[in-house]
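Shared between the two complexes below is chain A, which pairs with chain B and chain C, respectively.
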Partner chain A sequence: MLMQLTLGGLSQGMIYALIALSLTVVYRSTTVVNFGHGDFVMAGAFLSYVLVVLAGVAFLPAAALAMIAMFVLGVMFNRGLIRPIRGGPHIGLALMCIAAGYLLRGIARMVWGREVLPMPPVFDMDPIFVGDLVITGDAVFIIGTVLVLLLLFFGLMALTDLGKMVQAVYQSPRGARLIGLNVDRFNDFSWGVGAALGALGGILVAPVSLLHPDLGASFLIKGFAAMTLGGFGSLGGAVLGGVLLGIAEQYAGAYLDTALIEITAYVVIVAVLFIRPQGLFGRKAVVKV
Partner chain B sequence: MDTPEPLLKIRDLHVGYGKKPILRGASYDVVPGECLTLLGANGSGKSTSMNAICGFVRPSAGSVLFDGQETAGLPPHRIFALGIAQVSQARDLFPDLTVEDNLRLGAMRRGGKELAQTLAHIYDRFPRLKERRKQATRTLSGGEQQMVAIGRALMSRPRLLLLDEPSGGLSPQFCEEIARIIDTLKEDGVTMLMVEQNLNLAFRAADRFIVLRDGEVVDGGDVRAMAGDHDAIVRNIYL
Partner chain C sequence: MSQIMPSARQRKMRTLLFWAVPAVLLLLPLATNPYTQFIANGMLVSVLVTLGFTLTIGNLGQLAFANTAFFGIGAYSSAILAAKLGVPWLLTIPLAGAFGALGGFLASAAALRGIRTYYLAIITLAFGELMRWAYLHAKPLTGGTDGMPMPRETLLGISLTDDTLKFYIFLAVTVLLVKATLNLMRSHFGRAVMAVRENEIATASLAIPTARVILATFMWSGFVVGCAGALFARHVGHVFPESFGMLHLIASFAMVLVGGLGSVLGAVLGAVLLTALPEYLRAFPGMEELFFGLIVAGVLVAMPMGLASLLRRVSPIFVERFYREAP
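And then the complex of A and B:
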């Protein structure tokens, strides 16, 4: 049972990891916490739904198209709405993100009302049995896709010049300007990547759950919990935090109470902020007095 | 002897932060191959002058001509591409990246074709950086970090190097090392504009000086011609 729960948690945690990572990509580049990110996740899921169910596109090209569309939306959102108010108070940036998120949610509600929509299963393969462990096609697909993507992402960041430049922008925007990087363009790129990665979270979750315009809200909290657990601003921490949160939800639901699944994220946020505010990989904030 | 055509011409430059004016019509030139130092009390506009040249602040009026091209109002990455690199007061390094990554990044947008050659040259100039090339820069001492900052700027093979307080926060021993570094840069013909509070270093390294007061140039001249009369300059700065 423990293995089954761990596998289920890992599969769910990979989605959280993706969402936390996408939030962190935006946060590291622009120090903006995208409070509308859950709705970007929802928009990705609905875009793939429209393409697959209504336009009859196969799942993989539909997923790619949805991610490209969300990348463009992320870039446009930063260029059109965030960049012009960057010099203003942080609360303005937060409100702009919330407003954009609610706008996306409102559009989805206008089209589908509060309907709950089923997406056809994507990996309709027979489950694999390893002893008592049942490995479903969905779990293989989600874990496999996210693992490949994480390897590509972290490989790109660590081994390529582009990745080093992105890290440079993250670590010192002024330093990046001093070496001739167009930081605004990198920030656009980060918002695009953040939106596309978040959308992929929605796209992966679509075939294994029911779609509704409000689904982003809970994913936003899961993303925040994963970020908190891993340490704000840590890319690796966001991934580990997401995986641990997914597994913790499964264990709490099975061994304590199923109602705990829904509140595990909140408990994690409170506990981490109280016990180790910097999370697992975050740096302790040092304030000169 | 003909005066060489200035590489950088600042004319009637006005810069302010909000409604507070900092530079009020400053004008000066930097000629190729020289090291010009900007002197002045705190708030006189020295660093603002640097930031305006690099595009970090937008002048409200006046002109910054670099090799005949107007750069006032251009973004920093466009100005860098023309060949102006700055070693800032805060150094602005990438703390989690290695020394070598920091240096290599300096050549990503300019000087990339000669990257390997320039990197070897930087390691010749700063052997200590070669020893520490795999270390994260946040683990280095202040002096070593300053070497990385200077090396990173040199990686782009700048036509004009701006040094903002290169000895800031460093021990007297390291100040001496910074002076030696500036000497070798001058021998290599690197044109430099420097802001420096340490007057001994400023007078030792610079060919010419100008004094800024309340955002205007109030004095200037050849450092050698003022040898032995540095007190007069100091009086002009602070009194």
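And then the complex of A and C:
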């Protein structure tokens, strides 16, 4: 029972980890928190649905196409809407992200109305039985994909200069410019990667859940909860926070009350901010007077 | 800031103008049909919602998403008090405001722990979602997805379903709260609120307890919006959880921005302009989201300080000292 719950939590948590990571990528390199990110996740899920069900493309190429499309959308969003108001107050930037999210949601609802769409199962394999543990194809698929991706991501960050570039742009865009980094292009790139990774979260979750235009809102909160738990702005913390949140949800649902699954994330946010605002891996902010 | 301040004569004019607007509005029911009267009542509710919202995001400069939650708290507490405890609706307005203020306290209590900006935004977002979950799951109290109807009631022998009677009550409450907010923002406290927005550390160095200022602003915002919730409950006659969802949030953002961030006049303008339009869009799924999304994005790029900033250029009468000038 405990193992089964942990496995379920792990596969949910991997999705949250991916969403929290994609939020952190954008935050770390542009200092903008994308409050419309949930709708980027939703857009990824819908794009893969369109390609798989309506256009008849196989799942893997459809997922790749959807991610590329979302990468382009992320870049376009940064260039067209974020860059013109970069110098303004951070409230403006947050509101712009919210507006973009609603635009995506509006488009999705215009096309699908108020329907709820099921996606055909992608990874149709017989469940594996290990003792009394049931491992479904979906779980293997989600956990496997995200693990490979995380290895790739953190490998790139550690082995190439990319990690240092992110840090440089985060600490001082001006300083980064001085040493010859093209900060504008770097921001474009980060928005693209953030949008594509978030979309992948949606693509992975599509086969195991029902699709509707409002599905992004809850993923946004879960992404934030994972970030807050791991330490806002910490890439590794976001991943670990996501996994822990996924498992905590399953435990709370099984041992306390199923209605609690939905609000575990909120409780985590409130509890962490009151007890340990810097999260598990964040550094305490120092205010200089 | 090279803002021209109004002269003494213009300030007198402004006071006159302030009271002339509601005085003229007293005659409005003579010129409306039942439908336009209903819309006018909705506008008054929106004015209060926008006013409360602009206080936290415009004047205090903190990202806050809990506005819709305060609205819902106000509406539900009014409905519960009226339907379950038999409290006369008129009396539930200040009580709903008090519950809204309590919501404001809970949503921003983390400020005492040094939580600001994005963290505060996230905790208020979580608070809003938590409230929505509560409306749906506290079935015995809120009626769950079915919502709860407002009880029939009469006032001075007139049924409270009468839109003209409601209009006069709404107008009185709105004028009272707008005036109170204007006075509050002109007081020592109001200046502290705006000082926190400009530079919190410098404000703290003047021995102003900034965390408490943040809390108090959220509570006043919660009070205003909570009262609006009580009006809304009577306005539509039935409280549903969907009324306090994501669509209401983006609509509030749009009203604040179109009018002008941090401007009381702007709150009134934005609310009046954007209340009626969506009624026509409701028939087409997704259009409301697109409409408000486009408005918010468009205003941010083209007119960051909203309509109030255009009026200020016309005459110094419209100058308030509550907002930040565009950079």
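We adopt the following convention: the second predicted complex is superposed on the first by the 285 of 289 C-alpha atoms of A that agree within 3 Å, B and C clash if a C-alpha of one lies under 4 Å from a C-alpha of the other, contacts with A are read in each partner's own complex, and residues count from 1 in each chain.
Basically, a contact is a pair of C-beta atoms (placed from the backbone, for glycine too) under 8 Å apart; a residue touches a chain by one contact, two chains touch by 3 or more.
Bear in mind that the values here come from a model prediction, so they are computed numbers and not experimental data.
S.K.: Putting chain B and chain C on the same copy of chain A, do they fit or clash?
M.R.: Verdict on chain A: chain B and chain C fit.
S.K.: Once both structures sit on chain A, report the angle chain B, chain A, chain C from C-alpha centres, rounded to the nearest 10 degrees.
M.R.: With chain A as the vertex, chain B and chain C sit 90 degrees apart.
S.K.: Looking at the overlay, what does A:R105 touch: chain B (first), chain C (second), both, or neither?
M.R.: In the superposition, A:R105 touches chain C alone.
S.K.: More residues of chain A are touched by which partner: chain B or chain C?
M.R.: C
S.K.: Can A:D161 be said to touch chain B (first), chain C (second), both, or neither?
M.R.: So A:D161 only meets chain B here.
S.K.: If we overlay the two complexes on their shared chain A, which of chain B and chain C does A:M1 touch? Say first, second, both or neither.
M.R.: After superposing on A, A:M1 lies clear of both chain B and chain C.
S.K.: By the touch definition at the top of the document, which applies to A:E262: first (chain B), second (chain C), both, or neither?
M.R.: A:E262: touches chain C, not chain B.
S.K.: In the superposed arrangement, does A:L181 touch chain B (first), chain C (second), both or neither?
M.R.: A:L181 contacts chain B only, not chain C.
S.K.: Note down the smallest distance between any C-alpha of chain B and any C-alpha of chain C in the overlay, whole angstrom.
M.R.: Once the two complexes are overlaid, chain B and chain C approach no closer than 8 Å between C-alpha atoms.
S.K.: Where on chain A do chain B and chain C both make contact?
M.R.: Shared contact residues on chain A (touching chain B in one complex, chain C in the other): none at all.
S.K.: Quick one: in the complex, what on chain A touches chain C?
M.R.: Chain A reaches chain C through residues 33, 35, 81, 84-85, 87-92, 94-96, 98-103, 105-111, 113-114, 213-214, 217-218, 220-221, 224-225, 228, 232, 259, 262-263, 265-266, 269-270, 273-274, 277, 285, 287-289.
S.K.: Write out the stretch or stretches of chain C touching chain A in their complex.
M.R.: Touch list, chain C to chain A: 57, 61, 63, 110, 113-115, 117-119, 121-123, 125-127, 129-130, 133, 137, 201, 204-205, 246, 250, 253, 257, 261, 284-294, 296-297, 300-301, 304, 324, 327.
S.K.: Any idea which chain B residues touch chain A in the complex?
M.R.: Within the complex, chain B contacts chain A at residues 54, 56, 75-77, 80-81, 85-86, 88, 90-97, 101, 104-106, 108-110, 152-153, 156.
S.K.: State the interface residues of chain A toward chain B in the complex, per the touch definition above.
M.R.: 161, 164-165, 167-168, 171-172, 174-175, 177-184
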